[in-house]
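Several structures are given next for inspection.
Presented sequentially are two complexes of chain A, the first with chain B as partner and the second with chain C.
Presenting the complex of A and B:
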């Protein structure tokens, strides 16, 4: 099956989008260029919805509104997806058209009402398109099995998840499912069962014609065959159940490990307490440092630091007065003292009424007039001298304002850093504590223990059934030999004997072929997958230190990545994102090649996490035209401009159809031109990876050296 | 030391009303460890005066109707060294006789404070952490630091 075109109407923001897909053998690639948020996922979902209905959408998207969020509430909107595809059988190609339509009425708060979705499948005939008889879902499922939609329709992350994310059992299940479906092994198994019915029927008829003895032997044989069939079926069921239990057990174990790896709740609480205590100390220190700043700003030291030269100039004035002996003004006390003693310092008599005393009394009166002024000057001088001395000492001891300011600012900054860091650490720990859900741990522990018990029980059942089956087969073989001997002795129609023998031979042939095919096909897929993967990751296995030595698909349907030194790498944890993508794509491509299936491979954003040589080799490998008689295939890649970067020439060589999706939500930040539309929509234009137009031109298109399409000059 | 302060006890201390209304709440708080750089308005006025001296410019006082009194010189009794430093500034400006006139000494201080207040308004307006802003911006006016 190959996609030819799609017409999507009113699906999310895809109001009216038409896409064409390349069906050229030599140019199998279709590129839909679209930046993030430009409708790539909507197109992928629209195709899935169109082909498979709501059940075709990923589980999370099945119940979400399909109409645009801008669609008015209460007005029914018709959603329609038309997919045109062709099927090639032998040399004949037939065109089909799928039309799926549904009414959806948006209600408030993102709720909606839906009508029935209607599906038509039409086939092109000489007189135009005509409805295909029967249930269209069944026919489409035959062309493109829904269980394989994750192989055909996928996004970059799903590509990665195909081989990782759910442990070995999940991977084995997906790989086995893909192999059985794509290689048609299920059909052979059904054929083998049908032949067993034919053999039984022939035997029954022969026995009926030969008499009671042979009839009894035939009944016994048939009964044993039924028992073997039932036991085989039961064994398969138990094995499937055990696989599901193992998947559940692995998932629970993984989830539990993740939860437990967060840490022990008591240890986290203790850490939180310690950090809260530290934070309180740092916050207290913050207050202290702010207070230190305030004290420093208003200190005498700050005054000297700011106004030192002016203060010194003032001090100099007083110092000169002191030098001249004007201050300190101590003469007043001396004169009063001498008058009391009635004797001058020069021994002159200062007794009452003496001339000398009168002179000293007159001097005392004059001195009293200026003493108040000099006294104040003296006090200022003393205070300033003390202040200056303290400041000079502080400068000497680096405790002055300038030094202190630097110190306190540095300490403050360091302390704020500590507060910030401690706060961040606390937040992380509190988030951790919040994420440890004790109830969830308990539930998971119960689930795990339950799954382990069930797994053991299933394993025991498998052992018992295998023993039982072996015994039944032994008895069947003996009964068969006994029957055949009796059949020879009895008079049974040769025709019936021959029919039974042929059916029996055919059944054995198919059974053996099935075994061979499974082993052989798996081996072929394994070889092809290894070639392609190693080609993409570009590892020279001979080179010392090469990470990958190869990949193998085991008979148990697991993908094993071989590392240097005979070791293995766990695809879940030990293989990087780009290599996981390369590995999954290699498996899908190898499987498609070996099975000869023609089906589209549609991948959204496949080149994330890849760059350089790996990116080029990956695109080269997945778009290379089929060689020789290999069947044609189709690959549709949704690529962003940055994914396209560096591989333009390769795409030019391989691409058959190109289109570009854009969304007017990106105007004006990314889109250059405003569209004539007042609500958010996605539009498609015919621009190739080398072009731009008024619909898709983006602000940084210069960086991609694009040219204007159809004469538009940007 | 009481004598050193006494000539100023009856002298009123002012801030420009506009500045007082716009900035005092942001710059003055008695609460310890806050974002405000000053515990009292006298500390604001004093630091402004020293900043004015550092800048080296006196700005005339606004008219009395544009001033708001925040204290008297009696407040200096808690930090008498400020009187000595105030007088040193006045002595450097006007010589030894200026000390005899407390109002003139204070007038010189006020004019320097006006310059400092303008600088503070310019540097701290809109700051979420005025104390940090002041400590940091002082770098520009501290002699030898810029």
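Presenting the complex of A and C:
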């Protein structure tokens, strides 16, 4: 199916907009240039509404007013979207026209009243367009399945969400859905079920005609089939549940890891404890070192070090006194001795009461006074002599005050540094601990362990159901053989037996075909997607440090991004925005190519987050004309001027049709010309990406080197 | 290659694994399968579609009835 044209009336601000789409094989690109707020999304929604009705719109847009906010209250407005398309089958194409019309009456405050929407599907015949018989919705759904509308019609953000946003489970579902629908696998599954139904019916009829024994065998077979169906369904349910659990587990793990990337709370607490202990030790050592310092300062060694020269002068004086025999003084002992002997050294009588004795006693008293000072001097002299010797020895052994002070001071300073550093480290860790939401960590840990337990439980159920299913299939196969032997022996209508056998054999054939196709299709899509993605992101896998090594579509329908070193990148968290877009577009393009489906791919603002080489390669990849026998396709891009910038030449090569949308709300700030219209509307003009006209000219168009087209067709 | 053509190609390869009694009818079996799948394109209800599948099977049954018992 290829879009040819659209005519949109009274849909939002699209009062009367006609668009044409390229159907040229060699120029598959249609560009609709429009700045923000110029009606791109409205056009996308109008096409969806035209083809699928209100259900075709995104859920949030289904209940909003479709008429312009400027439409007068109470006046019914006819909204109409006409979509012309062609259906290509082989070399033949048939033209169709969809006309959807609805009356909407604005009621104020954005409320409205809606009439029934009317839909017509017309087909071009030799005598003009004629209504197609049957339900038009069914026919349109056949051409462009509504469940795949997110593949055909999407905006830049949706492109990103296709790959990420709801975890692996959501992605698998979307991918599986797209593959089943686009590759026609669903049709084969339904055909297989229909054939099984025919087999059962024939078997039942045959058994009824042959009597109780065969009937009993048929019932047993039917019962086993039912059991297999139920078990199969249960298995599918548990598998789906396990996938959902796995998604939840992965999300919790991711969140927890992110939280813990700040630091593991337990590890942080242990670290804090260790540092607190060290800090206490350092502080204790600080006190010890201060004490050592005090002791050193009060030592004699300190005096020698601090007042050594003065002390030496005093010592010299004492030394001289000693040399002269002044110290130590010995006259006192001599006088006392003489008084005791009552005889002087000059033989004079020192008897009690004698004059000589009185003189000697007087001399003794005087000498005693002098001796006290001399005693001190003597003591000081000895002590100084000893102290000096000790000091000199200490200097020799580097245990003197200066050396000691140096050591203590160094240890003190180092210890103080340690205290400071440990304090700072502690502060950092305490801040870290404060920034971790303990409650959140606990909640996530609980959620994770809960999900792990549930995952294990689901895995166990899957194992049990698989065993059960294998046993049931074995029993079914035996019962079937038994039934067929009994059927042969019984008098059953040959036609009934033949019908049953044919339906059964056809069912086997379609089952085998489906299995092959599923594996084969997935592999083909995977290879093509990988080629395209790697081409867009421009990764050379042989290059050391290349982030992406490739992408794979797994048999479980998940898209896996392979990273260097056998690792994988989570598309939800570890792939950047531009690469996510590249990945989704590669998947959609690969799927379309493998399916051979001819369908439009309409993307609103696809190039956000992309620039430079990636942007060029992305547009190159998604607009490249089909090669060889590959089916033609159509791509419609809604682009802003900045998205177009740098890829003008590429667009020139690929574009078959271009138009520009503008909104008069942008005058005078952005639009240069005022339109002859007093209410907000969107107009389309035929300007290409290189042109401007009176409708679309914007104030900064000079920067894009546009040329005047002259006139307009809006 | 379109999905329909791929389906036909794979089914043609798989038909070789069908019972010998169909050895003369390989092309017919594949065509039959294509017809069964095509019933879904007509927008019929499940019941009507299955009746149509039954009719297709019956018609083929009548063709191969002489072979099937062999």
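As a convention for this text, the second predicted complex is superposed on the first by the 418 of 714 C-alpha atoms of A that agree within 3 Å, B and C clash if a C-alpha of one lies under 4 Å from a C-alpha of the other, contacts with A are read in each partner's own complex, and residues count from 1 in each chain.
To be clear about the criterion, contacts are C-beta pairs under 8 Å (C-beta built on N, C-alpha and C of every residue); 3 or more make two chains touch, one makes a residue touch a chain.
What you see is a predicted model, and the numbers here were worked out from it, not measured in a lab.
**Student:** For A:191, select first, second, both or neither according to whether it touches chain B, chain C, the two together, or no partner.
**Tutor:** In the superposition, A:191 contacts chain C only.
**Student:** Classify the contacts of A:294 with the two partner chains as first (chain B alone), second (chain C alone), both, or neither.
**Tutor:** It touches chain B, and chain C stays clear.
**Student:** Tell me the contact category for A:510 with respect to chain B and chain C: first, second, both or neither.
**Tutor:** Only chain C is touched by A:510; chain B is not.
**Student:** Would you sort A:307 into first (chain B), second (chain C), both or neither based on which partner it touches?
**Tutor:** first
**Student:** Is A:134 contacted by the first partner chain B, the second partner chain C, both or neither?
**Tutor:** A:134 contacts chain C only, not chain B.
**Student:** Does the superposition put A:502 against chain B (first), chain C (second), both, or neither?
**Tutor:** In the superposition, A:502 touches chain C alone.
**Student:** After the superposition on A, what does A:379 contact: first (chain B), second (chain C), both or neither?
**Tutor:** First partner only.
**Student:** Okay, in this complex, where on chain C does chain A touch?
**Tutor:** Touching chain A: residues 1-7, 10-11, 13-15, 17-19, 22, 29, 32-33, 36-37, 39-41, 43, 49-50, 53-54, 57-58, 60-62, 64-65, 68-69 of chain C.
**Student:** Touching residues of chain A toward chain C in the complex: what are they?
**Tutor:** It comes out as residues 134-135, 138-139, 142, 182-184, 187-188, 190-191, 194-195, 197-198, 201, 494-495, 497-499, 501-503, 505-506, 508-510, 512-513, 516-517, 520-521, 595-597, 631.
**Student:** Going by the contact rule set out above, which residues of chain B touch chain A in the complex?
**Tutor:** Touching chain A: residues 1, 3-4, 7, 32-39, 43, 46-47, 50-51, 53-54, 79-85, 87-92, 95-96, 99-100, 131-132, 134-136, 138, 141-145 of chain B.
**Student:** Which part of chain A faces chain B closely enough to touch in the complex?
**Tutor:** Interface residues on the chain A side: 286-288, 290-291, 293-294, 297-298, 300, 302-311, 313-318, 321, 373, 375-377, 379-380, 383-384, 386-387, 402, 405, 408-409, 412.
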